[in-house]
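Quick one: the structure is below, questions incoming.
A, B, C and D are the chain letters, set down in written order, and residue numbers restart from 1 in every chain.
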Amino acid sequence: MEQLSVGTFIWMSVAAFFTLATFSFLYKDNPFYKLAEHIVVGISAGYFLIILWHNGLQPNLFNRLEDGNWYLFWLNSSRPWYIIPAILGAMMWTRFSRKWSWVSRWPIALYLGIATGLAIPLEMRNRVNRQLYSTMSEVDWGNFFGNGFLDSTAGFSQLLIFLGVISALFYFFFSKEHTGVFKGIARFGIWILMIGFGSSFGYTVMARISLFVQRIQVLEDYTTTAWTGSGVFLLIWFITFGIFVIMAAYELIRFLTRKQSATPS
Amino acid sequence: MNIFDRMMSLDRRWVFLFLALVCVITHVVPFSIPIIITQEAKSIYSFIDTLKEGDIIFMAIDYDPNSLAEMHPMTYAIAEHAFRKKLKIIFTSLSVNGPGMADLAIRDISDSVKIGKTYNGVYYEGREVVNGIDYIFLGYKPYPALVIVGMGQNFRLPFPTDYYGTPLDEHPIMQGVQNYDQIKCVVDISGTSGVDMWITYGQGRYNFPLALGLTGVMAADYYPYLNSGQVFGILGGLLGAAQYEKMADNPGRAVDGMRVQLFAHIVIILFIVMGNVGFLLSRRKARKD
Amino acid sequence: MKLKLLIFLCLLLFLIIPPSWGQEDATMENPADTLSIPPPAPVTNLRANDVDNDHGHAIEVRWTKSVDDGAGLNNVFGYVVYRALSPEGPFEERGRVPIGEEYYNDVGSKEKESIAYMPDYTNYFYKIRTLTSDSTIFRDTGVLGPVYSYGQWFNKARIPVLIFVAGFLIVTLFFISKAKSGADLFVRQLAGIEAVDEAIGRATEMGKPILYVLGLGTASEIATIASFTILGRVAKKVAEYQTGLIVPCYDPIVMTVAQETVKASYMDAGRPDSYNDDMVYFVTQSQFAYVAAVNGTMLRELPATNIYMGKFFAESLILAETGALAGSIQIAGTDEIAQIPFFVVACDYTLIGEELYAASAYLGREPILLGSLKAQDYAKAAVIFIAIIGFITVNFGWTGFTQLFEVPNSFFSQLFGGPS
Amino acid sequence: MKRQLPLVLVFIFGVFMIFQYFVPHESSEWIFEFLLDWIYIIGIFAMALAIYSLVRVSWDKIKHRRENWQYAVMTLLGLFLMVLFGFDYGRHFFSAEGLQNFMFRHFFDYIMIPIQATMFSLLAFFIASAAYRAFRARSLLASLLLISALIVMLRFNPYLGPVAEYMEKTASWLLNVPNLAAKRGIIIGVGLGIVATALKVILGIERNYLGKD
């Protein structure tokens, strides 16, 4: 194995420290978690600021105006119309002033107008038209009971999907009290919804456990590196883990002593 | 506070602690768990297991690094099994980011085959797996549909040379091998929609036996092809890989992963059952009172 | 003498033959020579036209496959589409098509800078080459052309969408005018909505704040916009009761709009002095860093109620479980289907899917908003009706009705991606 | 000017975007792409407001020595350092070389990524505690939720013996049939809800977001 430099190992230790600090949240809010939380907020905000500057503003605005001159307000660049979004963006900054902050409503209005106008036909097509079209599908009557136990391609399953969609839609009906026949259909709808939610919850468990296993692997790799490396590595490793072991031990002692003092009373 | 109430309102930190311990222990301590073998996985294993020494199979490694955790164990399990049986393998990778990963996997597998091991009671001598004799890696070419159809005519059409730049005819393995007619089966291990192309353009046109290895999420969508006989076997996700490892008596990362998964699931289910028993009993008690 | 001559000739032959055998061997290795394929028949009935319902820059080429494709000599390996600017050429390859296929869409770029640029109203000439597995043996068609591409002003394939949108608009306008004229519009009760009122009351009693999370959506997502309207109603009640309000934000524009919304609500409630900009603050634009911060806030401020409305992704359960740990009452609403189960399991009340969009009408109880909710309901009734009719007709073997609702695929299905 | 003009803007641009969808012509596409660029750039400019808000909230905490003010220092420090490294200590304002800065990369790889990935992995625990806490057979609906989740979680459990096969089949049926129906029903409803809400905004019925004065 390639020999790691102490510097890289220290960075690895930082990663391991913050991993453990974040896990410590599961026990309770504590200074380590607070540290991790506040640091990651600052760093990620800075990270996105930089990414937006280098990968957003530069290609989408600066590069498009760069062949113009600032003293002409970039109006002589090849795409002078890109000044408009820059002005609109700058209007957002009027929010720093109490008196002029209403100007910022213009770009916001634009933003929301574009977003909502964009959404209407797209969502109508993707969610309503599409799904409606696939709901109106043919049932395999010839193979109604399917092959074997609970065949999901069998006719009865296809029929159930159709009935499920219709009754789920009935459940969401707001204008009518759930009474009579309506109640029956809406109840069937909510059953289907609940069964669907339950199964998709159960299905997700596997993926979530693997997330934790990946973190165990990271800590495992870190430990292996420390134990196969030099004494310095081992020392750093002991410190990184030691902090949390001491903390856990302290909490354990507190837990035990509290129990004892609690029993007499 | 009686025991039922306690079962119902256990501090969640006990749940966390218990789950974490179980995950860590099952991850670190190697022990074997029973794995149910499904028919669709078994048919792949027995197909490959009954091939004769020197037969050629074709493996398409069509996944990206981001589905590596689920798909890699399949590649390892199937390829190692085939090499132990002294079969020859033609590898391709029809996913852009696949070749580097596939190359690494092939080296890993050949390293592992060097050591002699006993599987299902039979001792297999360690042996050197040689590029060009035991396997060939054709690499990546764009337009998967065209490549798949092209290989149906002749492997040399889309791939005049292999991944390492050697002309195909210089490899002994390719002597007399023209197209799918000379290979026994195609195993497509895929995390992408490339699998549809193998079904329509490959199996649909050239009628070779096709087996699929798919991610857990994708697998359910491809069972209809199993029923229609277009595909003779499916491995679904980590679970499918673990089944193959089990059948080949070669527990590896998939079985390791499943061990954690299985016990983590059992722990969660136990807690749910415990909460419910407490709930039902305390409710009955409340009714009596 | 004759015999001697014969022997001499035979010896000569032996001398000559071995080298030529060797040469034979060398060429034998080339698979193309061994196969020695006769040229296939060309494709027939070649035709081309502009692709309909698009922005131009694309030409559709169609043909009838070669008689040797899958039959006849059965030696066709594929087709190559060639294009040129004049009938004489030079022809460039535009694409390859596997056997059995009978069309190719020659799609170019609309960007002038791009190498793939394909100008509109430019005459192009096409020919199709029928390939065999030997790259030297093929058969070309005659040249077809001229053909040019151009953009259309109306996408006919999207007529069903247009009808739906127009229908919805008409229904909405009808019910709004009806609501304005003072008609009594009934809507049934929703448990999650009732809970919002109770929760604010509870927060006041406990003297603890309310935490309102707008989710991870940007302001361009309609779920977030719906959440603004709910936030407006909640903030108004909060202002009336003089309870605290905490709104940590994920997106800069969402923060700005949320500030305006809360401020307006405080003014509506007649308490503009109680508002300050720090109630609605920005955290960070990174999914789990945001979650870390909100989790911390929950455990330190111990809000009486947590309200989650908008777009949520994997963080839904982390937030909801931490909130439950802090002992807060939790009300959630999202249209992100994958996350609804987690909210249903971990929160006290959940607005499922479209209930999120109905909530603002419920909370405000303004007649116009109820009118729009009614329109939504009638559209749903129409969808159910169409679905039932379509289902019945399809199962009696008549697809004419369902065909009316078919919308082909297009490129812009996912424009605004969010974290997953 | 303060309130009417924004409403008019929302209406005009909203209606334009709706019509744009039905016009495939190049010129309509050009405007469409240009407008998308607008909202993107407006969003980036708004980032300045966001950072200002973050800094002010943290600074207030420090200035008034509120609880946990020490940690707010860490937030500001992290932000400041990341910006410093991102511009490569001020050497590269207008080229992306800052993104390759050693410290920028290391802060990202060894602090940001581990914390975020660990935060994500907490889900393994929360999914367990949520299941324990909420999956109680209180009512018929809760029982349906509980039972279907249990069946799916047991789908690959080998200790069930002969039942295992049926468990697996039931699980895959649950995922492919009721789950699909539920999803489809919700999607259609959500689609209508989205269109209704968007129309309310375009028509100016919902106007809270524009503030008041």
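One rule holds in what follows: a residue touches a chain if its C-beta (ideal position, glycine included) is under 8 Å from a C-beta of that chain, and two chains touch if they have at least 3 such contacts.
As the structure is a prediction and not an experimental result, all values here were calculated from the model.
Per-pair tallies of C-beta contacts place A-D first.
Farthest from chain A in terms of Cα centroid separation is B.
Averaged C-alpha coordinates put the centre of chain A at 19 Å from the centre of chain C. Mean C-alpha position of chain C lies 17 Å from that of chain D.
Note: centroid distance chain A to chain D, computed from Cα atoms, is 6 Å. Our note on geometry: chain B versus chain C, Cα centroid distance of 30 Å, whole angstroms. Residue positions of chain A touching 2 or more other chains, listed in rising order: 22, 25-26, 34, 36-38, 40-41, 43-45, 47-48, 92, 95, 105, 108, 111-112, 114-116, 118-124, 126, 128, 132, 135, 152, 162, 165-166, 169, 172, 193-194, 196-198, 200-201, 204-205, 209, 212, 214. Residues of chain B in contact with at least two other chains: 12, 16, 20, 23, 220, 223, 261, 264-265, 268. Counting only residues that touch two or more partner chains, chain C has 158, 161-162, 165, 168, 220, 222, 225, 253, 256-257, 260, 282-286, 288-289, 292, 300, 340, 342, 344-345, 352-354, 358, 373, 376, 380, 383, 415.
Across the interface of their complex, chain A is touched by residues 13, 16, 20, 23-24, 27-28, 69, 216, 220, 223-224, 227, 238, 257, 260-261, 264-265, 268 of chain B. Within the complex, the chain B residues that touch chain C are 12, 143, 145-146, 149-150, 153-154, 156-157, 169, 178, 201, 205. Residues of chain A touching chain D in their complex: 11-12, 14-16, 18-19, 21-23, 25-26, 34-58, 60-62, 81-82, 84-86, 88-90, 92-93, 95-96, 102, 105-124, 126-128, 131-132, 134-135, 148-152, 157, 160-169, 171-172, 189-205, 208-209, 211-212, 214-215, 218.
Residue ranges of chain D in contact with chain A, taken from their complex: 2-3, 5-7, 9-18, 20-22, 34-52, 54, 68, 71-72, 74-83, 86-87, 94, 96, 98-99, 104, 106-125, 127, 131, 141, 144-153, 155, 166, 169-192, 194-195, 197-199, 201-202, 209-211, 213.
Listed in rising order, the residues of chain C touching chain B in the complex are 29, 31, 77-78, 96, 98-100, 133, 325.
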